[in-house]
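All chains are identified by letter, namely A, B, C and D, in their written order; residue positions are counted from 1 within each chain.
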Amino acid sequence: MSQVEETLKKEVTKLFEEETIDLFVGHEAAGVPLKTSACFLSSADEAKRLVWNASCATNLAAYLPQLFKRPGGAKGEWTAPKVGVVAKGCDSRSIVGLIKEKQIPRDRLFVIGVGCEGMIDRHKVAGALGTVGLAKAKIDGGSLQVIGTDGTQKSVELAEVLADSCRECQHRTAVLFDVDLSETSVQVPETSRYADVAEFESKSPDERWEFLVSELSRCIRCYACREACPNCYCQECFADETAPKWLGVTTDLSDVFAFHLGRALHQAGRCVDCGACVAACPQGIDLRLLNQKINKDVEELFGVQSSLSLEEAEALLCFRMEDDQSFMTEP
Amino acid sequence: MDPITNPYVPYPVRIDEVTIENDERDLKTFKLVFLDPEHEKAFAYTPGQFAELSVLGKGECPIGIASSPTEEGYLLFTVKKTGVVTGELHSLAEGKVIGVRGPLGKPYPIDRMKGKNVVIVGGGFAFTTLRALTQYMIADGNRSEFGEITVIYGARSPGELLYKEELKAWEARDDLKTIITVDKGDDAWKGREGFVPTVLEEVAPSSKDALMAVCGPPIMIKFTLPVVEKLGFAPSDTILSLEMRMKCGIGKCGRCNIGNKYVCKDGPVFTLEELNVLPAEF
Amino acid sequence: MTKKKDEKTSGNGWEPRIVAFLCNWCSYAGADLAGVSRIQYPPNVRVIRVPCSGRINPLFVVKALQTGADGVLVSGCHPGDCHYISGNLYARRKFALLKSLLEYVGIEPERVQFSWVSAAEGVRFAEILGKVIEAVRAVGPASKMVKELEEVT
Amino acid sequence: MLEVTLDKSRLQELLKLLGTDRRLVAPVVDRLGTVFSEITDPSLVCLEAVNTNLSPKEAVFPQWETLYTFEGDQVDKAELQIEETVLFGVRPCDARAFELLDRVFTWDGVNDPYYLKRRERTLVVALACNAPGEACFCTSVGGSPASEFGADVLGFDLEDCLLLRALTDRGETLLNSASSLTTAATEEEKKAAQNAAAKAEKLLTPVAVPEDLAALKESFDAEMWKELGLKCLGCGVCAYACPTCHCFDITDETRKGVGRRVRSWDTCAFSLFTLHGSGHNPRTTQDARYRQRVLHKFLYCRENFGEAFCVGCGRCVASCPAGLDLRAVLERLASTAKVT
């Protein structure tokens, strides 16, 4: 991926020099291995900060809406900046969704598409290391070499530590871009994108319930899932509303279920399975089980996947007379 | 759970009287009576302090105490209807039992005011604890402890003035200079018109041997402070009361933290000198 | 949050509590018609009138389950009959996803049901409601999703 | 100072004994690493856990707790019931955090009965670190891999045995109650413990923490907050994982006139944290909120309590979904502070 990183830096430098953009949103290295951070560049000479590797899991689309909001103290005329952004397949789909929902303006946005072969799930790496922390990591072909904080060395298959979303991802290049840096070699896996959900569906109702109870009882209500999600841009989330008060703010399981069911339902027809919520969760809860289930239903029932194009209406913003209603109760 | 030993448990109080204060009917004064005399004794307060009014099932809201401890047997709180708890309070009739948790926070520096002239400048419904302070100073036996007392109080319109009957009584007193103003009067209004800062400048109370207590909406404060400075009141002699989102009221929950101060326990009363060194996060 | 089942099932006193969200123009009128026509239907239902089935926020249903409803019935106008032209057709998509998701997480499918009932269908309303109540009765008191508060001493 | 040695082969017996008539909470292996968990099977206790996924503050300041229940306008008369607990295998940084939390919950003589009762009923058996975790920097904020603050007993992992040092009377009573399992520590073992701690200390990478409080105050208007505010997602991970963050919310939950008043974790990073009923918000932007968290810890707490509210566990660094690194922020603050 270092080749792409080089090209990316050059492209961004050019965009600044040609004054196509005022600001660029990309990934830069963070303080711990296998983690990156969003960065906000405002000049060509900062392009060297950019990185592109298998730890660029952040969905940068989540950062975009704030950039187009008029700042609180701004006086007089205010023009939104021209913003460049690097986008994986999932990021680009979120961008499409945000444009359609009028949270970001297409004409102030310059999207650099990149091909993606999947991002590393740090939770899985932590799990593989066990009781020790991660001191160093290096990607070496198809494997990941890790060194623990106690000096232990381990080699794990890269495929083993890829995020679940990435394992099943079938949109590995940007669906919307102004420049596309993806290589022709980007392979789409042959698995179904709903294999994990299908497996879960095959369990008995009580098994499913018990599993979700064990997952969701890990929730600490930090809302990292919500804040990392590009779709969660509500000024006031239903979970924070006090009139009406939908749910309590504690880790009472009923409230935790209500929160996560409510959030998943708000994502219906909008979730692009980027895995940002799973990656952000400090407790490693498999939130994808809920979101991807809805994605599966949406595709099966309404024949669409979320935010693949600017033209197609989102699933819950349209209907067909002949939509399925076999689930309805008849006398 | 004992309210005397557990600071999170409110004292039960009965609503004895509800007075609608303004034309918009979103300001009500609640007269509250303790159910247990032990609780009343434990609730020893000084003007400027506040309490958490508690409606079980809805929550709590911090409200300045509008009564003065010299008014024995009850507490007064003037509450604006803004959210869930205050909305519920406004729906409650006389006889209902609610909770009061406090007294909380630091009061007005009464000891420093003794022997001095005191200027009180209030605007709108923020007049509540200033009413408590005034009432305290003019109470029988206390009046002689203070020098000249000047009260300047304004509201948007005559109908929005708090404690209307009481203001009339104050105006009639000769040991208290009371100046009432409204931004804009109506046909029946015979009194003064004009914004509080302008009136303050006209009245021009002397800053010599005097302390000033100011409380009002942010916009009033903004235009009043330059006048206060012009009149020669030192920041250490200018006293304000802050409003801030609060939960615990006892310096734990962190919500009202500004700089190294917690408004609930270090305030809500601050001198301008103290506020000047705090970050502008209020 | 899993309620001890025996508490509520013990004795034969338990009756399912159903919350019915009915649209103002069709299903509510249908329920009303059932009433004025003296068609018997069980008293286990608490009706909440909404302007349109399109007004149903899935959170209404979740909240009902949290606060102790054993079953929820949502009913609106038949497709094509919506007072607001298409409110029920948008709603139908939401309902399909909600029903599927709740079943997927392990909540008994009997607990949350959807139907179309017109203003003229008093009999149909009574029949559907009866069916819902019997289905909920068969699965017993709700336990999953119910929020429990402590006893007060 | 009582110092005893426990052969590791007898660890299970010790844990069983500690857990008699008490709740035993200790680290166990989890799919993400290690977590504190209530122990029913002592064989699951993991001595190797360096930084558990979340801090053990939950033992004294749980994610949520009922302050009291009520019916109508009557508050429940019941007294607070708190179980006796022993926290085993707490790392010295986390134990030190208890000592810092004590100051908040007794500040100005106003005691928090819930925290204090939990604290009083919780015995802390700490375990000195032999190697640092992923983002550890305890020595830069006044701690050390063998810090004695906040714990009743401090243990040292010496391969085949544990050296256990009583730090409080309660700790001594605890060790005395287990005297059948232990032997008096030898000079050699004491020395080994000291060496292990010294070795661990050398493995830590120091972080420059701004010392000049006046300069730190100046940093309020620094440009860096804007950039950090853009990156910060505004979630509560850092605060909830932090052993010293203690901000909370109080809310009522009710049904049919019966209910409870609960307190639950909250954080200054949330956009609604300071929102007034009137709609006014003193901290409207994320940069103001991120700055509040950092300055509260490193400036305001130092002014109020004489110590920064950070024990250098690094959890906020390791778990931040935005990749924000408090260590880097401190370094930047320290260097700006020097310039000004």
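The rule is short, and it goes like this: contacts are C-beta pairs under 8 Å (C-beta built on N, C-alpha and C of every residue); 3 or more make two chains touch, one makes a residue touch a chain.
Quick caveat: nothing in here was measured; it's all calculated off a predicted structure.
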Worksheet item: By mean C-alpha coordinates, which chain is most distant from subunit C?
Response: B
Worksheet, complete the sentence: Note: of the two pairs A-B and A-D, more contacts are counted for A-D
Response to the item:
Per the C-alpha centroid definition, the whole-Å distance linking subunit B and subunit C comes out as 50
Response to the item:
Averaging C-alpha coordinates per chain, one finds the centres of subunit A and subunit D separated by a number of Å equal to 31
Worksheet, complete the sentence: dist(centroid_CA(subunit A), centroid_CA(subunit C)) in Å evaluates to 35
Worksheet entry | Residues within subunit C bordering two or more other chains | 147
Practice prompt. Could you check subunit D for residues that touch two or more other chains and list them?
Written response: 70, 74, 76-78, 249, 251, 253-254, 259, 266
Fill in: In subunit A, residues with contacts to at least two other chains
248, 252
Practice prompt. By the touch definition up top, name every chain pair that qualifies.
Written response: A-B, A-C, A-D, B-D, C-D
Worksheet item: How about subunit B: which of its residues touch subunit A in the complex?
Response: 83-84
Worksheet item: Across the complex, what residues on subunit B touch subunit D?
Response: 1, 3, 5-10, 12, 56-61, 82-83, 86, 96-99, 218, 243-245, 247-248, 250-255, 257-260, 265, 279, 281-282
Worksheet entry | Touch list for subunit D against partner subunit A, complex | 29, 31-34, 46, 48-51, 53-54, 63-64, 131-135, 227, 230-231, 233-237, 239-241, 249, 251, 253, 262, 264-267, 270, 272, 284-286, 317-319, 321-325, 327-328
Worksheet item: Inside the complex, what are the residues of subunit A that reach subunit C?
Response: 200-201, 205-210, 212, 238, 246-248, 252-255, 257-258, 261-262, 264-265, 268, 290, 293-294, 297-298, 301-302, 315-317, 319, 321, 323-325, 327-331
Worksheet item: What residues of subunit D sit close enough to touch subunit B in their complex?
Response: 67-68, 70, 72-80, 104-105, 107-108, 110-114, 220, 246-252, 254, 257, 259, 261, 263, 266, 268, 273-278, 280, 282-283, 288, 292, 296, 299-300, 303-304
